Amino acid sequence: MKKFINDPQQFVPEMLEGIALANPDTLRYLPEYNLLMRADSPREDKVSIVQGSGSGHEPAHVMIVGKGMLDAACPGDVFAAPPMDYVYETTKKLASPKGVLLLVNNYTGDRMAFDMGKEMAEAEGIRVEILTINDDVAVKDSLYTVGRRGVAGNFFVIKAVGAASEQGADIEELLRIGNKVNDVTRTMGVALTSCTPPAKGSTLFELGEDEIEMGVGIHGEPGRKRMKMTNADAIVDELLEAVVTDLPYSSGDDVALMINGLGGTPISELYILYRRAHQKLTEQGIKVTRSYVNEYCTSLDMAGASLTLVKLDDEIDALLGAPAEVAVRVF
Amino acid sequence: MKKFINDPQQFVPEMLEGIALANPDTLRYLPEYNLLMRADSPREDKVSIVQGSGSGHEPAHVMIVGKGMLDAACPGDVFAAPPMDYVYETTKKLASPKGVLLLVNNYTGDRMAFDMGKEMAEAEGIRVEILTINDDVAVKDSLYTVGRRGVAGNFFVIKAVGAASEQGADIEELLRIGNKVNDVTRTMGVALTSCTPPAKGSTLFELGEDEIEMGVGIHGEPGRKRMKMTNADAIVDELLEAVVTDLPYSSGDDVALMINGLGGTPISELYILYRRAHQKLTEQGIKVTRSYVNEYCTSLDMAGASLTLVKLDDEIDALLGAPAEVAVRVF
Amino acid sequence: MSGTALQQVELVVRTIAQTAVDNEKYFGDLDAVVGDGDFGYSLARGFEKVLEGWDDIDRTDVGAFLKKIGMIVTSRIGGTSGPIWGTAFMKAGISAGPANELSGEQVVAMLRAATDGIKARGQSDVGDKTLLDALVPMTDAIERELASGADHAAVLAVAATTARTAAEATSELVARRGRASYTGERSRGSVDAGAMGVAVIVERISHAWTTEGAS
Amino acid sequence: MSGTALQQVELVVRTIAQTAVDNEKYFGDLDAVVGDGDFGYSLARGFEKVLEGWDDIDRTDVGAFLKKIGMIVTSRIGGTSGPIWGTAFMKAGISAGPANELSGEQVVAMLRAATDGIKARGQSDVGDKTLLDALVPMTDAIERELASGADHAAVLAVAATTARTAAEATSELVARRGRASYTGERSRGSVDAGAMGVAVIVERISHAWTTEGAS
């Protein structure tokens, strides 16, 4: 393992400290609870938006705290949901008269920690709601699973509720908006390589020189199937087919298209994927009116990508277009 | 080699097509010359800012065409300067009465192509100036080399002249500003792994499991020395020492600090580097008032990073803070 | 091992904590097969905290002690294991109450409270390929042995073999809960990390009971 | 080989082009040692274009033909090699002028024009560890052999061995121009890609001259 780290156990705290140092005016960092929050939150007139989940998915979610996005991030260790009392303490710190909305990606550990944290915060009279995100089409929802995972599509839910909360929406309205966005958002990912959690020091799984993992999760969980490496266009076609037919998206729809890098894939390759996806969607009469090509939700240093579609209407489009300012930025 | 590509020879054109498809309103793509330009350039009242260089450094420079940055990018193939007639045709297409400013990173191939392209364009009455960027401290300037390389620091030169040209500066003024920024900008990089050019299909050089290359170039050129892998803080200390003592930057200075990922390193690790650099600079009385932590100028899929400092004064600070809009973005 | 009930419970808990710390890598590797590889790290970091604060833990009675352990575990362990393991200790503590002596029935009741707590918290049951697939058969075996009048050391020996056999049998199962469930059929063929963790821990408890009890 | 001067020049240029295309990988690997590995790719892509448009190239005279080749090469090859190789062809063409016959002196003058052009364009000279370190000794050898009255095939054979020996000797040099110069002392110990490319090409020309000339 060659990584820019010091002590693997300090991976998350040192990263958080770095983010805080780079944004001294806008962010506040409370190391006791891995808590990164807006310096101007909580506000009387605004529902606080919080997301928690394991780390290792940067820029999600610790680098998207800021105006128009999250009020706070509550990260756990790499690929591990935050401990329950981090959730509880974060919720207390972010308590606003308008309430606290906890955005949770649908994983067992996260759901349990947030359910328990919510209960404890409610016992102290804080208004708390949980919104669960589950956009991954790779996992078939059934009685025998814990349901679909939340992956890169969570960006759109955060963006929409972040914008709406900035405009003064109350917590019921935010739940409506968040669920609405989640309902029209679908993602599937593919891994070209495994990833290396710092504390493990070796790759999570093995992929042969000529193998890829289709439908991979963002924690290195195996996906739908392992297959032979093939060219970019063929990979996009398979991802797109799975995503488009799931909602389904159909001719006449306006969509946002996201090609999300998983951490080890350069942006040049992401645009090669984007090109094909855009062309194929256009052929099917589906119009791409918003594009997102970058890293949004990664799996540490994994080479790979995911493809997300969001079906747009005027309300969602306006919320996605609203201004926002976060730590991950170019300028 | 596992990459999201189709035909390696189409790597650059397909990437450019992707960028153009994702930005239909703001960009225009002319495949004959690998030319990506602002849809609203050239303008009568604005010097056109053009950068060319080899590809493989994305987002530099093809994804930073846009308002407040470049008017056009003129990329060559991966790690190869553009052919001279691409430069010539690009200059003609961007010809403005106020002139065309060509930003060139200091490499033999790029300088020759741009010198020749400039001569040919001038023969047709176009006003053309060349500004050379050479911020890499790893290469000692001497009679026996071709001088320092241009690396990630070029972002700051582009940002400054892009902003100034938007405000109506004439070409002499842009040369003054660009040279001024270049003169106070210093960079050094380190590679944890090699990179794989698509057409080569295998890594450019070999680095042992426990080796890193200090002072690496952005084309996989070997650097100052090969050394044993060490922790993030020690690596930052070595980069910083080389950069700080070179200008030198000293107590009382305000600086912009950039930690640039080389393509295969996740942003989480970049913030671990940022943390140390910020702390060390603060200890030395050097104040970081602008921070840049992201990928700016990569070497394909290389794991590694570079550290850049820019000494700020009011003029540079204002230009760096001016608004800009480019293809690489979060929202 | 003789001693008060609290001393006995302390021995069990300390052995659990020490085993978790000692097996960080092994447990992590088990979780990497169809999970995300952090089970060992999560347990180790949490139980490190338990050992660090060991002397200051409330020892009013067995119930208070176990509840406090449950709180440390829940608040310091991330991932799925924090809530699951924390709930188990908490529920066992509530079941024990202000006891100073623990009968065989009480011990079984505490174990049932713990596994019921896990089921409720994880919305899971035997057969889902989780640590329940080791814990529940083990509890059954303990109940049987105690009823048959075996002494503590003998009961623990049977508990250890039962947990090990049951943990190994999880490799036949398809995961229906936890991260491993996303892989469906592909989860068959490898043991569940949580179940195997339980087996290793119970073996260490059985060993400690005889050796440390003798000192 | 007999034939007109233009036919002879065509044979030489076609062989250069074909050799560049055939050796894409080998030339690239040479450049990867202390450069950036694209020398083979750049040459191959450019000379592919030369071969594609082969029949349509201006054949008014040797000078026009070479100048047109120089333009294609400069405009289609990226990196350092485009301007360097393009300049060489262009300068050789200008030196040849509207010739229909080429004397030995004229050939040497064309080669000097080419190497002088490279020196000016690249601000480089013999000893900087570039293709000049094969081209210049080769030109010297050709001049000597022609003066001694050797026939074309013999001259070319000597040119080929000279270029090969000179190219191999570049491994003793430290690069002072081009990307390899950034590595300073570390560039010692491996041959220059451009110089070795020249050697391989001249060997192929020497071979083609006798075999294709015989047909």
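To keep things simple, chains are lettered A, B, C and D as they appear, and every chain counts its residues starting from 1.
In the analysis below, a contact is a pair of C-beta atoms (placed from the backbone, for glycine too) under 8 Å apart; a residue touches a chain by one contact, two chains touch by 3 or more.
All figures in this text were calculated on a predicted structure; none of them were measured in a lab.
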Worksheet entry | Common touching chains of chain D and chain B | none
Practice prompt. Let me have the rounded angstrom distance from the C-alpha centre of chain C over to the C-alpha centre of chain D, please.
Written response: 76
Worksheet item: At what distance in angstrom does the C-alpha mean of chain B lie from that of chain A?
Response: 29
Discussion item. So the centre of each chain is just the mean of its C-alpha atoms; given that, what is the distance between chain A and chain D in Å?
Written reply: 55
Discussion item. Two-or-more-chain contact residues of chain A, please, as numbers and ranges.
Written reply: none
Fill in: Residues of chain D whose C-beta touches two or more other chains
none
Worksheet item: Line, ring, star, complete or other: which describes how these chains touch one another?
Response: line
Worksheet item: Each pair of chains that touch: what are they?
Response: A-B, A-C, B-D
Practice prompt. Please give the residue numbers of chain C that touch chain A in the complex, ascending.
Written response: 28, 32, 34-38, 41-42, 45-46, 74-84, 86, 121-122, 174, 176-184, 186
Fill in: For the chain B and chain A complex, residues of the former touching the latter
2-6, 11, 14-15, 17-19, 21-23, 55-56, 58-59, 63-64, 159, 192-193, 209-210, 212, 229, 231-233, 235, 263-275, 278-279, 288, 291, 293-296, 298, 300-301, 303, 305, 320, 324, 326-331
Practice prompt. Would you mind writing out the residues of chain B in touch with chain D in their complex?
Written response: 9, 54, 76-85, 107-109, 112-113, 116, 138-139, 144-146, 149, 197, 199-200, 204-205, 217, 219-223
